[in-house]
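We just call them A, B, C and D in the order they show up, numbering each chain from 1.
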Amino acid sequence: MIRAERLQRTCVPAVDEVLGVPLKVLDDGFVRVVDYMGSDESVVQAARVSYGEGTKKVSEDRGLIRYLLRHQHTTPFEMCEIKLHVRVPMDCWRQWIRHRMSSVNEYSTRYSVAIDAMQKTSPDAWRRQSADNKQGSSGSLDPAPGKRLTEREAEVHRLCREAYEERLKAGVAREQARKDLPLSTYTEAYWKTDLHNLLRFLHLRMAPNAQQEIRSYARLIGHEIVRRWCPLTWEAFLDYRVGGLALSRLEAEIIARIARGEPKAAEGLAEQAGWAKGKKNRERAEFDEKLKTLGLKAPWT
Amino acid sequence: MIRAERLQRTCVPAVDEVLGVPLKVLDDGFVRVVDYMGSDESVVQAARVSYGEGTKKVSEDRGLIRYLLRHQHTTPFEMCEIKLHVRVPMDCWRQWIRHRMSSVNEYSTRYSVAIDAMQKTSPDAWRRQSADNKQGSSGSLDPAPGKRLTEREAEVHRLCREAYEERLKAGVAREQARKDLPLSTYTEAYWKTDLHNLLRFLHLRMAPNAQQEIRSYARLIGHEIVRRWCPLTWEAFLDYRVGGLALSRLEAEIIARIARGEPKAAEGLAEQAGWAKGKKNRERAEFDEKLKTLGLKAPWT
Amino acid sequence: MIRAERLQRTCVPAVDEVLGVPLKVLDDGFVRVVDYMGSDESVVQAARVSYGEGTKKVSEDRGLIRYLLRHQHTTPFEMCEIKLHVRVPMDCWRQWIRHRMSSVNEYSTRYSVAIDAMQKTSPDAWRRQSADNKQGSSGSLDPAPGKRLTEREAEVHRLCREAYEERLKAGVAREQARKDLPLSTYTEAYWKTDLHNLLRFLHLRMAPNAQQEIRSYARLIGHEIVRRWCPLTWEAFLDYRVGGLALSRLEAEIIARIARGEPKAAEGLAEQAGWAKGKKNRERAEFDEKLKTLGLKAPWT
Amino acid sequence: MIRAERLQRTCVPAVDEVLGVPLKVLDDGFVRVVDYMGSDESVVQAARVSYGEGTKKVSEDRGLIRYLLRHQHTTPFEMCEIKLHVRVPMDCWRQWIRHRMSSVNEYSTRYSVAIDAMQKTSPDAWRRQSADNKQGSSGSLDPAPGKRLTEREAEVHRLCREAYEERLKAGVAREQARKDLPLSTYTEAYWKTDLHNLLRFLHLRMAPNAQQEIRSYARLIGHEIVRRWCPLTWEAFLDYRVGGLALSRLEAEIIARIARGEPKAAEGLAEQAGWAKGKKNRERAEFDEKLKTLGLKAPWT
């Protein structure tokens, strides 16, 4: 049915070029590709097992990959696998490790002395608490207080490391001595995942509301690694997931009223949904943003 | 930090009412709720652990659940679990079992004699192969050929069961005797999953392009069970996932041109994307559908 | 900390030799390696990330791999991935797909006409129902009844296929026409998993109580593929998992009494546990087997 | 086939008694059961779906559960689910979160101010680095150095918290301000998992070589919660997993020689395996321990 023939492993020269090369992130972090399996072609091959057909022209491959991504046919993307070696502050790693569909081996501070590096903040890199996003930041601190905080940070790092080394010297077990290391301490790990789960990671962690630190890693992995590895998938991902826009049933209905020149009807729908004029409403505020993107005007503004 | 107090288990009377009751599907299938854990409240509780705050008013719960679903903050939905007892033709079960994030114990035809029931097709229930969807159906066969196929189906069922029973009688092991049972043979299983993964199942299997058989199960589970169990989540799911509409970056840009009265610019974008007029293009055809829903007119039609 | 350097992908010539080559199983099935990532070395590398050390001598690699497997440190084995293309009867595939930690793309009989091949049973290959294992088989049928069942099997296959083709001819959708195909119908799939999960699959499916069909696949994958791919892991797997023997706390205590020449005490322990002499008891029967393997004699026999 | 009848949810009074009650761990941690689904009975029910039979007597339930656990038929144990609310130092949480088959919602220090509590070490609780286990501890420090380290710990905690609060006061975003919190800072989370995966967690984390902190949590969850919730499963778990002993093929063969009074043959096998006398060998050292437990004497000692 399906043609069986001798094979060579899929190989992506653009990735081979950077294999093992540490790509720098933050003040002392990096990401290196250690190994990979598959490519855009493997996605296509897996999707085509359904049809009992061999691979076709690149232009059709592109169309197929876009179709799969658009319709969330995600299993073919699982056929590609990548293994990275990363160096990350533990604080950032706490977010990273939440992605369960991956394999991980982390540097052990039970077995070995903790890496002697902590993420440092330069005086101009202290970010202000965002006023309207309780879990975000926006803008940065003035230089004077920034400088003071940076000095204080150095003091904290120094004391924490000293205390750590005193404990080791006194014969305390590494597993216990480490207990007061700051979250900014760097760790290293091998992290392996498949392309489908990597895209989920990137979608979440490249987003503007992701924390800046992990966003730096995610953007690097996306723009420098996935782009080389699976360029067709990467393009489709940018178009549909990153640049895409999702409308709820209600939002689509309101837009239809606006588009047909029935602003009263549009307003009526909004009111029924509890989007009363004047009153603050997060869902309507998000919709206003979408309307702006779509070049449409809300009747209630 | 978080208030700890004595608790009673979350209880949803609307589900308790149907606990254990077989809800019928197809000619001889069913779905029964056997047990569950959590409710809309548990989703809210899990989301609020972030804020160190207790539960608030129902109206805020609704807003929070909608927010979580809209922004794909999926982990709080994992806090609810449900266990179903289902009776399903094996053909349908082959699709069901593809959802890996679940726990399953199936009736064993190695251990016991296979269930003596196969899904039957009435003369008017033979569906035509769809012309434009290679993996779908549309419309149904005429009564005359339908009748003939139904008779033939009975013949197949009879022979398969006879052969199965002959083998058992001759002393053949059940594990081997079953090898030629038709895919329409009913099986039973306990199937347990969490609310997040159940919604993924429903999204995929309630969709118009899902096969009719599994769609019947999915619609029943959604409309009869999830609606009772987690009504706020169910409402949000219908609004955002089932009734929602996703636009790619390009589609949003073209719509903005159309909305601003710049049909030429809109056409230009479409052409750049390879959506040449006249030529058949699946992506553009899908976009035309979306424009219709949004009450907008494509400049190229 | 950890040395970062330019890399080449891990390559295992012994696997490359068979890449794409169909290895035959059953009357019409096969397994082909399509791609892989990693090797024994990658297991070692992942384990060593803990220690901040590079790879050492092969003899130490072997010791480390054995240690990891012995102590169920399973995560380093997840660093190796393999992708197979398999052709399997659906009946067997129903067992295969129960292994959830894997990625799958199966040939679609909604999209394409079902593969025209069903697993056939030769007259001497009908297995008897096991008397003491309700879900197993042992020995085979006499030639005369075997011949009769094989002829009957051909009849079933013929009718099922005819009915299937009649439906297609009458214009019935493929997704429905397939409903009465026998479970013996061959399907094909890409199946990808990691080494840790592959070993779990093999452990379960190579076992003497696994069904013969899937056991044939598992043995082939183990002895022909994993042995080539990760020879040190394979050897350790055979020693600890396949050839290993697990004793419960009670069993260990009874053995200690036997070894110290205290048969009365041994018997006392057995009795306390409800292993009364004479009465049939599955747990004790299994223990008797273990004693035999260990060259020890139960005092109660 | 399987009897379908109206049901009431499974209820375990012994767990209901402690529902919501914080069970104390370490100096300021706790574990609370928030909800659960299923019981020993649900394990049995799931296993019996295979046989198309209803529940039987308790004594048979016990036998069945022991059989399932002994033979690693793990899926029925997945039918039980438990949700805990835990308060844990982040250092310990880093190990906990490695168990991927679970659902988690953690207190967010992006959204809220970090919990103002860090795990403290009393002067007599500093553990020495183990000499023979690179990742363990054994014994404790003398009082004098212990006292000095405890004072120093307080200093570290004070400075870290001050620096944290200064940052907040200066308007720094919570997501960044937290970066130098010590790993000893307490966090809270809802953690939900099924009984099978909970047993894996307990097996690993109750083990003598697990770190003391997480071992305290694991022992509490096991002895105080699982014991109440699923007493038959708990008993079987202690017998087979915790108290069990695994022998490799080689070890079983050597024991057989010893038991048959053939010490030369036993030694020969050991030598072939590279367990040369005199030379240090971890595998043989572990075997010597096993022999001791089994009341047998190695011919090479």
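For this structure, a couple of remarks:
The criterion applied here is as follows: contacts are C-beta pairs under 8 Å (C-beta built on N, C-alpha and C of every residue); 3 or more make two chains touch, one makes a residue touch a chain.
Note that the structure is predicted; figures quoted are calculated from it, not measured.
Just to note, of C-D and A-D, the chains joined by more C-beta pairs in contact are A-D.
Distance between Cα centroids is largest for the pairing of subunit B with D.
If each chain is reduced to the centroid of its CA atoms, subunit C and subunit D end up 28 Å from each other. One finds 36 Å separating the Cα centroids of subunit A and subunit C. Chain geometry summary: the mean Cα position of subunit A and that of subunit D are 31 Å apart. For subunit D, the set of residues touching two or more other chains reads 104, 108, 111. Interface residues of subunit C, counted against subunit A in their complex, comprise 1-2, 4-10, 16, 19-22, 30, 32, 34-38, 42, 45-47, 49-52, 75-76, 78-79, 81, 83, 85, 87, 103-108, 111-112, 115, 188-190, 192, 194.
By the touch criterion stated above, subunit D contacts subunit A in their complex at residues 89-91, 94, 97-98, 100-101, 104, 108, 110-111, 118-119, 121, 126-130, 134-137, 141, 145, 148-149, 152-153, 155-157, 159-160, 163, 166-168, 170-176, 178-184, 211-212. By the touch criterion given at the top, residues 63, 66-67, 70, 72, 238-240, 242-250, 252, 255-260, 282-283, 286, 293-296 of subunit D touch subunit C in their complex.
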